[in-house]
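Got some structures for you, see below.
You will see subunit A twice below: alongside subunit B first, and alongside subunit C after that.
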Partner chain A sequence: MAGVGHKSHGKRHDKSHDMGLHAEQLTGRTQQRFFSAAEEENFTYPWAYDVDFDKTAEFDAEEMDSSAINLKIRELMQSGHGTITVKNPRAKHGVGVGILNRLNLKFEGSLGYFGCGLVDGPNIHISGRVGWSCAENMMAGKVVIDKNAGSTFGAAIRGGDLVCRGDVGSRTGIDQKGGTIIVGGRTGAFSGFMMQRGRMIICGDASKSLGDSMYDGTIYVGGQVEDLGVDCVPGEMNDTELKWLKTKLGMYGIEPACGIENLKKFVSGKQLWNYDNLEPAEKKLVL
Partner chain B sequence: MCGIAGLIHRGKSADIGTEMTAMLQSLKHRGPDSTGFALYGNPTDNQYVMRFKVAEQEDMNKGFDIHRQIAERQKEVDHRLESLGVNVKRRNQATEYSHRYTFSFAGDMRKLADYVEDIDGVEILSIGEALELIKDLGDAAVVSEQYGLAGFEGTHGIGHTRMATESDVDIRSAHPYWAYPFNDVSVVHNGQLTNYWSFRRRMERRGHRFVSDCDSELIAVYIADRIGQGDDLEQAMNRSVDQLDGVFTYLVATSDQLGMAKDVMAAKPMVLYESDEFVGLASEEVAIRSIFPDEIETWDPYHGEVKVWQV
Partner chain C sequence: MMSNDVDKFIESDGLDTGREKDIGQHIGYRYDVNLVPDMERCPAFLKKYMEIMGWDDLNWLEDVHMGYEENRPAVFDRNINGWVQVPQEMKLPDNQQDRDMIARQLLVKFQMAKSHPLVELMNAYKKF
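On to the complex of A and B.
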């Protein structure tokens, strides 16, 4: 459960302002964090399995249904396997969900709907495409997709990095509450709809109503923006952000065609929703 | 939530009966109420195929008299076809209440359709040189088995698995819909049309007939109306995206084209795969992957997008 520390000090305070977080710096698992698989403190669940990244396993999922695949992953983690490869997932739905553990997980193929949802901690690579609602409600970790993704990509994520190297559908990052979404190609309509926190980097074009009704958070776009949604306004890029963007995109070897320094920034105009003036107790209610 | 799927084999014929069955069966979770197929076979010169039903499946459990009634209805269909000068070449019966006639006819097809449907309890599912429209209650495997669709050779097809939301679970409310009175035009739809009733009244004033209260039927009627006014398929579909309210993704097929349209909110799913030999479309990738085991490049169309492929 996130706590709210509404007063920040010193460098941290300055950075939060520079990064567009104003004075409200969340603590706990909803905060923006730079995920590293080696950071033991990221994995705090007492029931998490003690896995060894050097202990590898792979299995063929062609004849398995979704629950059997998820059960198999859990069994392998239970026996200490820290690196698991799943072959032929064949676009099945709800695969790789609810993993609250350190894990290197690789899917050789495509996932269907709700792939990798509700995860907290794993480092997941998908060599194919993903369907709707990939990584919905992700808390922490990394999910990297090599091909395209469907709509509601990264809906309501709270942390971690969600990366699609190809194009994604509509409503990308709807209700995003933290973390970073990176799209290598273009994104569909209503991306960033009701976004509350976190960052979204779209290297290609953004379709209509970008950032519609967003509360907070930041969207960076490399290509053309068809039009802005209600209360989404252009923002001004600063050096801290530019440095962060270079670091973040560099981690995944992604560079927008326009160049990182030419990314356009969009933020909330805070005319529609504005909780910055609320008392801390009230903030807790709405967040 | 419903599931829709379509496929095109470019420039060749294949067992689309088996392929569409596999695609629709993998979408069963999106709608188990009924399943429908619009399959486009290889046409024979000057021969039409008419699929029609003389009762609903549920009627079969309503007393002993129904068997006599449906026999009489079929006899009346035969009588009326004969009176119009229709030369029926072959009669097939998939179930007691559904029939497939092959015939030649040089007259007015709309008059034929109206005259046949005037018989109480009789509904024409499709008329066309290539189109065969099959729909019934149950999942894809059940309907396919019942109507012997395995081995159906053709070039393209569309299909639907239905989760009934706004109308009954019966054959008349099942998809696909034939775009009466145009030969070989069929429609499947996933979504809800919010201006259905007002638009339906407008279409009825223009003389169109509706056989159900299912909002999806409006799309078939709308497309038929626009084609009747001189639009080509793509123009009609582009216009529909502006004029029909609600959330929808739908597919339309004709004897040589297959098109898809998505509403301006992009609220309903569609996944596409396209290669030089094949085009596959479905609500979920798992349907396309049911006939393509290897990894393929797929993508989602965007809001308000209309695409039409030539077969």
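On to the complex of A and C.
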């Protein structure tokens, strides 16, 4: 476990610790758990429902509230349904969230705020539009939206593919920590803000401050970039990336008007990296 | 930019800049997080996993790489927020792409195992 320094070395140290300025030991965090490569082969989480993609179900959500819709999806998974269609979601908020299972889920209509958040594994298709923060904190799986999406699309996404065939609002992929965000159209201001890793592919134009304060990760843009944010700099494409881009965009039938070969790449200039224990130590001196 | 030496963090402290030497630890990731997978090197185990999940590519595993902790090869498990060291007897290939594929296989096996710490946590704290 991380060894967080909290030794009694006098009042000055205690004061700095109380203020959260202690020096955190960043090495030695290994979980001493060794696993066997010969472990029994499981491909789903031990708590996951055993579902069959060929076993289908559908229900009308017109008169249901968000909790009822989510519970209904869970019940259907419990009974082994691997393909579920939800009709008339009517842009309700917080629908299709917290699914930690393999599943094909289709929404015939639009979703409101925080749709499909915190999912880990399902393949979700939304035939309409989505509101703010679609698929926030997504861990794994695929979420595909046929029309437009609101702001903070894919906020803090950690893994999986998040695809919007239309335009999206501002702060797309804010705090992105992994995964791939694909936008078929344009994206708003501050896309990739504080991005830490992962990949973002914008086929159309990007508004102002693209990649502002990004720490790592990659942004590809097909159209015009209004301007770059702090520490976002142009990068150079390599052959492996080009091959990966062709495969990834091909999976969703999306191609930028400029052609995949002409996508512009942007990365972090890495001038903002400050994850070390020197700064707190320096601060302690002035307390 | 990462060094091309794949054993850099196993055989040395990996400290390059003056600032890193000052503080005694490496700044930033100790592998190239932006390295995308070469699917021609994808092993059968991962192909089977993709098929079961209904994916055409590695999906979330694209962000999994072989990293290093305390001069030992290890893979980061986001579900426990910690590094899991690679079995000592395992021989590592000489390139990062193949090492990443091994890391992905091991992580899937570990996360899906009944002995994974998250199983105990789920049993203790899950609400529904």
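In the analysis below, the second predicted complex is superposed on the first by the 229 of 287 C-alpha atoms of A that agree within 3 Å, B and C clash if a C-alpha of one lies under 4 Å from a C-alpha of the other, contacts with A are read in each partner's own complex, and residues count from 1 in each chain.
As a working rule, a contact is a pair of C-beta atoms (placed from the backbone, for glycine too) under 8 Å apart; a residue touches a chain by one contact, two chains touch by 3 or more.
Computed from a prediction, not measured in an experiment: that's the story for all the values here.
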Message: Looking at A:F193, would you say it contacts subunit B, subunit C, both, or neither? Reply first, second, both or neither.
response: neither
Comparison of subunit B and subunit C by subunit A residues contacted: C
- request: Report for A:K92: first if it touches subunit B alone, second if subunit C alone, otherwise both or neither.
  value: first
Query: Touch check for A:D167: first (subunit B), second (subunit C), both, or neither?
result: first
Subunit B versus subunit C as contact partner of A:F114, first or second or both or neither: neither
Task: Classify the contacts of A:K248 with the two partner chains as first (subunit B alone), second (subunit C alone), both, or neither.
output: second
Message: Can you give me the overlap between the subunit B contact set and the subunit C contact set on subunit A?
response: none
Message: Residue numbers of subunit A touching subunit B in their complex, please.
response: 62, 90-93, 109-110, 112-113, 127-129, 131-132, 147-148, 150-151, 166-171, 188-190, 207-208
Interfacial residue positions of subunit C with respect to subunit A in the complex: 19, 22-23, 25, 27-29, 33-39, 45, 48-49, 52-57, 59-60, 62-63, 69-70, 72, 74, 77-78, 80, 82-85, 87, 90, 106, 108-117, 119, 122
- line: In the complex, the residues of subunit B that touch subunit A are 264-267, 269, 271, 284-286, 288-289, 293, 295, 297-300, 302-303
Task: Note which residues of subunit A are touching subunit C in the complex, please.
output: 26-37, 39-47, 53, 102, 104, 121, 123, 139-142, 158-161, 178-180, 197-199, 216-218, 240-241, 243-244, 247-248, 251, 267, 270, 273, 275-278
